[in-house]
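Chain IDs A, B and C follow the sequence of writing; residue 1 opens each chain.
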Amino acid sequence: MSFELKLDNAKYWRDCVEAIVSLVDEGTFNISKDGISLRAMDPSGISMISFSMPSKAFSKYEIDKGQDVGLNIDNLSKIMSRTRDDEALVIKEAEGKLLLEFVGAKSRRRYRLHLIDVRKKDDKEPKVEFDAQVEVDGEHLKNALKDASLISSYIAFKAGKGHFTISAKGDSGDLEELNEVDGTGIRKLDASKDAESVFNLEFLENMVRSSPMGNSIKLSIKSDQPLKLTYNIGDAAVTYFLAPYVEE
Amino acid sequence: MSFELKLDNAKYWRDCVEAIVSLVDEGTFNISKDGISLRAMDPSGISMISFSMPSKAFSKYEIDKGQDVGLNIDNLSKIMSRTRDDEALVIKEAEGKLLLEFVGAKSRRRYRLHLIDVRKKDDKEPKVEFDAQVEVDGEHLKNALKDASLISSYIAFKAGKGHFTISAKGDSGDLEELNEVDGTGIRKLDASKDAESVFNLEFLENMVRSSPMGNSIKLSIKSDQPLKLTYNIGDAAVTYFLAPYVEE
Amino acid sequence: MSFELKLDNAKYWRDCVEAIVSLVDEGTFNISKDGISLRAMDPSGISMISFSMPSKAFSKYEIDKGQDVGLNIDNLSKIMSRTRDDEALVIKEAEGKLLLEFVGAKSRRRYRLHLIDVRKKDDKEPKVEFDAQVEVDGEHLKNALKDASLISSYIAFKAGKGHFTISAKGDSGDLEELNEVDGTGIRKLDASKDAESVFNLEFLENMVRSSPMGNSIKLSIKSDQPLKLTYNIGDAAVTYFLAPYVEE
């Protein structure tokens, strides 16, 4: 195996890894001519991440043939957290390990990470024809999740023509959050018919954590079907799926 | 029961609730034509809070007749902590619950809180003819409490004509803090005779926590009698009483 | 015994005490005509601090005759942490205790600390003829220690003519950090021959914590010998020694 990739700003890769580690602690990157991708379910099987970053996002992208790189994402994330300002990052294979080289003006740090075998599961994206798509400001959604977390461990998303409502019910009381589609909080809303589902808040909070400040998050909803939550980090696309919560 | 109150700045009510929750986790607000008030002892019975906020502090204040609203103050405080900038707050009764509606430019959040029965105790304010009254800058007092907490769990306040001294004694050593009445740290001092008492630091720290930056805190002292500690949050008046500590 | 010392800026002494308490929780200051000094081993015996501060660092330095002042450095450090801006500090003996008087514009705080007997050990500085001396920017070194701590509890310093390398090996992978001697990260490097040793990271992190922002830290290295790590806080000199880690 042999590849060498370079990013002019190491923080770009740090942010991508954060989006992945928020859901899974190990995973296999597939490095192909087109780019890097990773698909993995969280250990509980309730949610999935599908990550892809095109080769054009890199300032250097050299690869022989497609290959899989299994990593402890937790360790990778810790190393990436040490990124300094103005560092470039070289990612390559070296002696059966993954070499991460941070290149600053006057110093170089080289981390070598062991490769691991990650058991491949048949992680297919759920196929859903969604009834509603909502584009929300990332900070607006993060705030709404925090509001709900004071009341419950679950949150309901309800979208229809011209309205998107967030609600939560708990022992102490309940919350209802009405939003106008105004280009600020709710940026866009397309609904062919009403859709409503309840989701686990902790998973949602992990999913939105790494969405870049100022960006939109897109929610795709269909009643009692998995949620699809997507956002971009530069050219990279982050997609999460989350099974609905069904009260027993 | 029926009432509807409005504050143009929800943070005002948030700050008031913080001053209450620092001492008690449930309580009954009395809503009358004149305003809102609450009086409650902390669970240990060592201290008491007496809170009042006149109707003029509200931009809308509609009420049929006086009534009691028992609440879990802990839950109320968590909800108020989610106040955003530039939100107004409507407080009203709805279907036997307390409705808190945060009104922003483009969104509304409605929390409904269950009402609870709070066992009414005969919570009368202690009647003391204080010998000394000291008006202290809030930050100055907070700092003095932190100083003392390094030495002991108790602090002594000693006031007399022209002097106010804070002291603490502990296993590692002792502290004495002398203050001039200068208009900055100690803003005013009236003492008919010397007064000295020792108080529990943790209670004092909870009491001063919510005093607004830049405000004065007024201490009323009489030897071996409860302390009276008061400050204002806008038009609202916060009064705490704290029993003196008597060494056994 | 009788002495009275004064510093125009209490924060100076606070910073010195922080450098000491990072390694030992009790110790004996020797106060002589020349200045104050303290030498102590940490409880585990792996490391040592040697602190000295010349009399000229003080704005007032009055002393009868040399004497020892044994203190709980932990308590001293807590008290010093309460230093406010623009306070002077008077250190003197009073009734068999150490009196620390913080003098602000309009208030005085007097702490009295018990003196304690600290068992005197024969704490001699190790005599080593070092092969390499490296002057590193303090923040650069702190960052390198944090990098290594993600990988291991130990770090290797390797210095030779024109190069200084930091490395760490762990279960998840390894790290190698190459530095140019450029006047920024690595400010100076003198090596008569190659020197390499491995040290405990936690001790190193404690040692560098109090080095003032922007200052240099000097590392003296000889293979398999104790490290000498020194920096200045104003006129005061802080020297640590740390035994090398030898893999069993």
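The working rule: a contact is a pair of C-beta atoms (placed from the backbone, for glycine too) under 8 Å apart; a residue touches a chain by one contact, two chains touch by 3 or more.
Because the structure is a prediction, the values reported are computed rather than measured.
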Considering only which chains touch which, how would you classify the arrangement: line, ring, star, complete or other?
complete
Fraction-based call for subunit C against subunit B, same above half, different below:
different
Approximate Å spacing (C-alpha centroids) for the pair subunit B, subunit C
44
If a residue has to touch 2 or more other chains to count, which residues of subunit B qualify?
none
Mind pulling up the subunit C residues that touch subunit B in the complex?
72, 75, 78-79, 81-82, 84, 97, 105-114
Complex contact set, residues of subunit B against subunit C:
143, 146-147, 150-151, 172-180, 182, 184-185
